[in-house]
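By letter and in written order, the chains are A, B, C and D; residue numbering begins at 1 in each of them.
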Amino acid sequence: MDTLDNWGRWGADDELGTLNLITPEARARGAAEARTGRAVSLALPIEPTPLLSGPFARLTEDASPVQQIMAYTGSPASATADLMLVTNHHPRSTHLDALGHQVRDGQVYPGRPLGEAVTMGGVRHGSTTAFAAGIVTRGVFLDLAADGPVPGGHGVTGEDLDAAEERQGVRLESGDALVVRFGWSASPDPARPMPGMSLDAVRWMHERGVSVYAGDIADAHPPLVPGVPGPVHAVALPGLGLPLVDAAELTELTAVCAELGRWAFLFTAAPPRIHGLTGVPVNPLAIF
Amino acid sequence: MDTLDNWGRWGADDELGTLNLITPEARARGAAEARTGRAVSLALPIEPTPLLSGPFARLTEDASPVQQIMAYTGSPASATADLMLVTNHHPRSTHLDALGHQVRDGQVYPGRPLGEAVTMGGVRHGSTTAFAAGIVTRGVFLDLAADGPVPGGHGVTGEDLDAAEERQGVRLESGDALVVRFGWSASPDPARPMPGMSLDAVRWMHERGVSVYAGDIADAHPPLVPGVPGPVHAVALPGLGLPLVDAAELTELTAVCAELGRWAFLFTAAPPRIHGLTGVPVNPLAIF
Amino acid sequence: MDTLDNWGRWGADDELGTLNLITPEARARGAAEARTGRAVSLALPIEPTPLLSGPFARLTEDASPVQQIMAYTGSPASATADLMLVTNHHPRSTHLDALGHQVRDGQVYPGRPLGEAVTMGGVRHGSTTAFAAGIVTRGVFLDLAADGPVPGGHGVTGEDLDAAEERQGVRLESGDALVVRFGWSASPDPARPMPGMSLDAVRWMHERGVSVYAGDIADAHPPLVPGVPGPVHAVALPGLGLPLVDAAELTELTAVCAELGRWAFLFTAAPPRIHGLTGVPVNPLAIF
Amino acid sequence: MDTLDNWGRWGADDELGTLNLITPEARARGAAEARTGRAVSLALPIEPTPLLSGPFARLTEDASPVQQIMAYTGSPASATADLMLVTNHHPRSTHLDALGHQVRDGQVYPGRPLGEAVTMGGVRHGSTTAFAAGIVTRGVFLDLAADGPVPGGHGVTGEDLDAAEERQGVRLESGDALVVRFGWSASPDPARPMPGMSLDAVRWMHERGVSVYAGDIADAHPPLVPGVPGPVHAVALPGLGLPLVDAAELTELTAVCAELGRWAFLFTAAPPRIHGLTGVPVNPLAIF
């Protein structure tokens, strides 16, 4: 486990983690993939639910990541306006986890005490501030579900990822974004065990130099090792400083990659430029 | 004014407006500009204010577009989480206005009655749903402030835009995003008259085929014609169906364009994929 | 209908409406009913739902009038704190409707134009400010459901109210609060027609001098006269200036009145002293 | 300190704390004080600030305990509605602290582990559920500021309270609500030391059987004993199980008591009947 650690690698004040791996070379590699400008969103659509419940709205709701309220703007109205309330970490919202989202032994990456990094007024170290300029690099898509969904309870290994690369004829290089499909829907049956990344796969990401992870799944639920939190959230995020895109939607990407016979693209993830959050909704694009 | 109208041009059910102008050619033109992958954010940074006021936070605040609350996640906490409350239209937030944001004679683009397009539960026609896949095209930056901020009260004309093109040696083509700098800060003195686009400039945008507008300013405040709402919000948005990026931050873009001697780039605007809103925060990128 | 109108009765600036009827005599009549200090709440209990949805809460909810979020207060926590989001008008929340809640011909009681009385920043005339000092008077309980719930679709008349008085041996006097039980639960089957007050009953309230109305039901749903909004909300509130307690819970009150053989009590309704709202949750008490 | 403890006094499951002292005798004593029905609110008025900031509202605000948003209800609007966001603990909001608001050695009254009593979804033990039926008892007002505000930094003692009783000719009995005026405004200069209750005064409350405390001040700020949290919040609330009304407004009460020559009244505190909160805004009444 000791090798699965980037604490100190980029200094004690670092807030970028593995985004440091996105060198000019990685960016240029990404730009070279943008040829036709065709773009695919990797985000789940979100239908907000009305913030105003009761006589003015439905009485029972699926809890949405976003609640919306239409504002009074005069009568009659010459413009419309609204306000939204966003749950930044939600299983049906494609969102970026900031490095301060996970705590390891009372500390956040790369070793800051929780009490100093996080206050009642927001995150002071390891927040979404790191995403201010957007993430732009080459993206590589490994489709683990080419022959059907990854079976429930399976822990994906580095070997599985190697095999996907070989099958697709693509190779992830240091600084690339790793996009992975397990082939599971965003709202699986909570009673049915999901697959997830194993610690071995996290080691693979570390050795290869993954800069950011985006998957329809990251960690299994329930955990692969009973009682041990999943390695992507509990090891890669706080230990490697690896930002995560949770709950990516990869159905359209799969179809387009198959159509084009290409598994690499320009990857962009530019969430609203809001500082100090633990996470933020994002609409990552694959641009071909 | 009758020529400044796209109602019906793409059908009675259209929700894309001038985004229809982003053809495969426009996209390819954009992709061709992505060479090094260097990216510049066109968004203002947002510092959230604490949603929880009082003993647990400051007592007086600048109203931020975003209010944040850190959630209780157990004691001690093994993860951090938060929730944010977002004012979708805010002068200090870089955001995309959806077509249903403006009402013209009781209707929204392209002629839907307000009562049908907008409900207490959200926008049903002309919402942010149109931005689900992101906006990807070529961006052209016209810097009207090369010799200092545009004077307060000035109405920018088509001639001004032509002159900027000529000065910079660039030409906006149909389907391009138009990025314009007036050289004003995001929080101008409210008592000092701002410049803005004139109706003539909106006509220029229409004739040229601008797909999306992003500026540090769009309409003047107070209105150039006393009592008449600004033409970008009151004519271009509801009449042309032209989506707007309000409050773009263009300082870094200006420096990078000058450094590179380039005024065109791959433009991306991919806000969180949230349906049914009147507007949404966005972090547009210029990728070189 | 012209007689069902108090516009101008207490001046053009009045914001109290029928609360003006609570004279020192009415208050003293109320105080005289407080003998043992036994108190009964007339409010439905509200179970808040978590504001933070998703991994940290249930995925499907009955929409509650109140959403709550527990705030991060350090790790470990030495105190707990929270924030709540309240839908002020909700069918499962016992709340006081302010006079500005209903609009009649573009005006609110007693004839103020809506555009002047109500702004995007809150209610300027006819708000909950009128309840700042609490409502304290005699309460009279008329139980229309002594022999079972009032039948669906029935429009309660003045004669029905007279009969209840006679049956119970009590008489409402000017300035008293009228508490009425239809015997329906707070969450009736929305498909099943409810009973409600008829216009005749509103006339009775006007003639008798009811100062405030509290019922488990006020208006029928669907309206008794198809297409015509219910007379309590559409006539009594904006026309008489009669504040309403919507969704009172009267089960315990019924039992205690029967036990004591008393149908009058000291009535208090003291909602949080918040100005400028259209309505506010309240916990009215009957003190014997 | 060991005597300042009610843990176990009313059982291990108790959630009422000193509200258990409100016996039928105490209630009857309260009812006997209600003679004319004249009522005085003990709550500070709250002016909500608009939840929607930016172009639709002011840009800088005093943080209010309540934020309000006026909801779109159609165009034109036939009714008005709103939603409010409430900070339950706020120095300018008169509110009731629930027993679970304070943690002592990882436990809340009367010895429940924090992790069991408090969850991300709300408070399960020691919440505002205890106030569901309202608090109704005799109130006794001790005015410590008859000759001017209590000096900053002074720790009020039991002797001070005895002296006030003697001066006013009133005596608090077991089960009564204690209302205390220090004579300080709700928004004192944060740099100027406030007075507060000493541990000795908390012992007095314990011995006398105070059921609920309401004061313009409870604990001093900064703490009377440097580094030691104030005894009302840190000892009386979690140890005695004594509910607190924070930030009572006592100016009008002082005038009315002086006018009537009476220092006792029927005390009611009936906050909205919302379960599971750590605190709740309240409008306590003194009824004469």
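Rule of thumb we're sticking to: a contact is a pair of C-beta atoms (placed from the backbone, for glycine too) under 8 Å apart; a residue touches a chain by one contact, two chains touch by 3 or more.
Source: prediction; values computed, not measured.
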Per the definition at the top, count C-beta pairs in contact and tell me whether A-B or A-D has more.
A-B
Whole-Å gap between the CA centroids of subunit A and subunit C
48
Determine the centre-to-centre distance between subunit A and subunit B, using the mean Cα coordinates as centres, and give it in whole Å.
26
Hey, how far is the Cα centre of subunit A from the one of subunit D, in Å?
45
Of all residues in subunit A, the ones touching two or more other chains:
51-52, 56-58, 70-73, 75-77, 80-81, 83, 85, 87, 89, 106, 114, 118, 120
So what shape is it, when you link every pair of chains that touch: line, ring, star, complete or other?
complete
Residue ranges of subunit D touching subunit C (in the complex, touch as defined):
24, 26-31, 34-41, 43-48, 50, 52, 56-58, 66, 68, 70, 76-89, 94, 100-103, 106, 108, 114, 118-123, 129, 132-134, 136-137, 229, 233, 266, 268, 270-279, 281-285, 287
In the complex, the residues of subunit C that touch subunit B are 51-52, 56, 69-73, 75-77, 80-81, 83
For the subunit D and subunit B complex, residues of the former touching the latter:
51-65, 71-75, 85, 87, 89-93, 106, 114-115, 118, 120
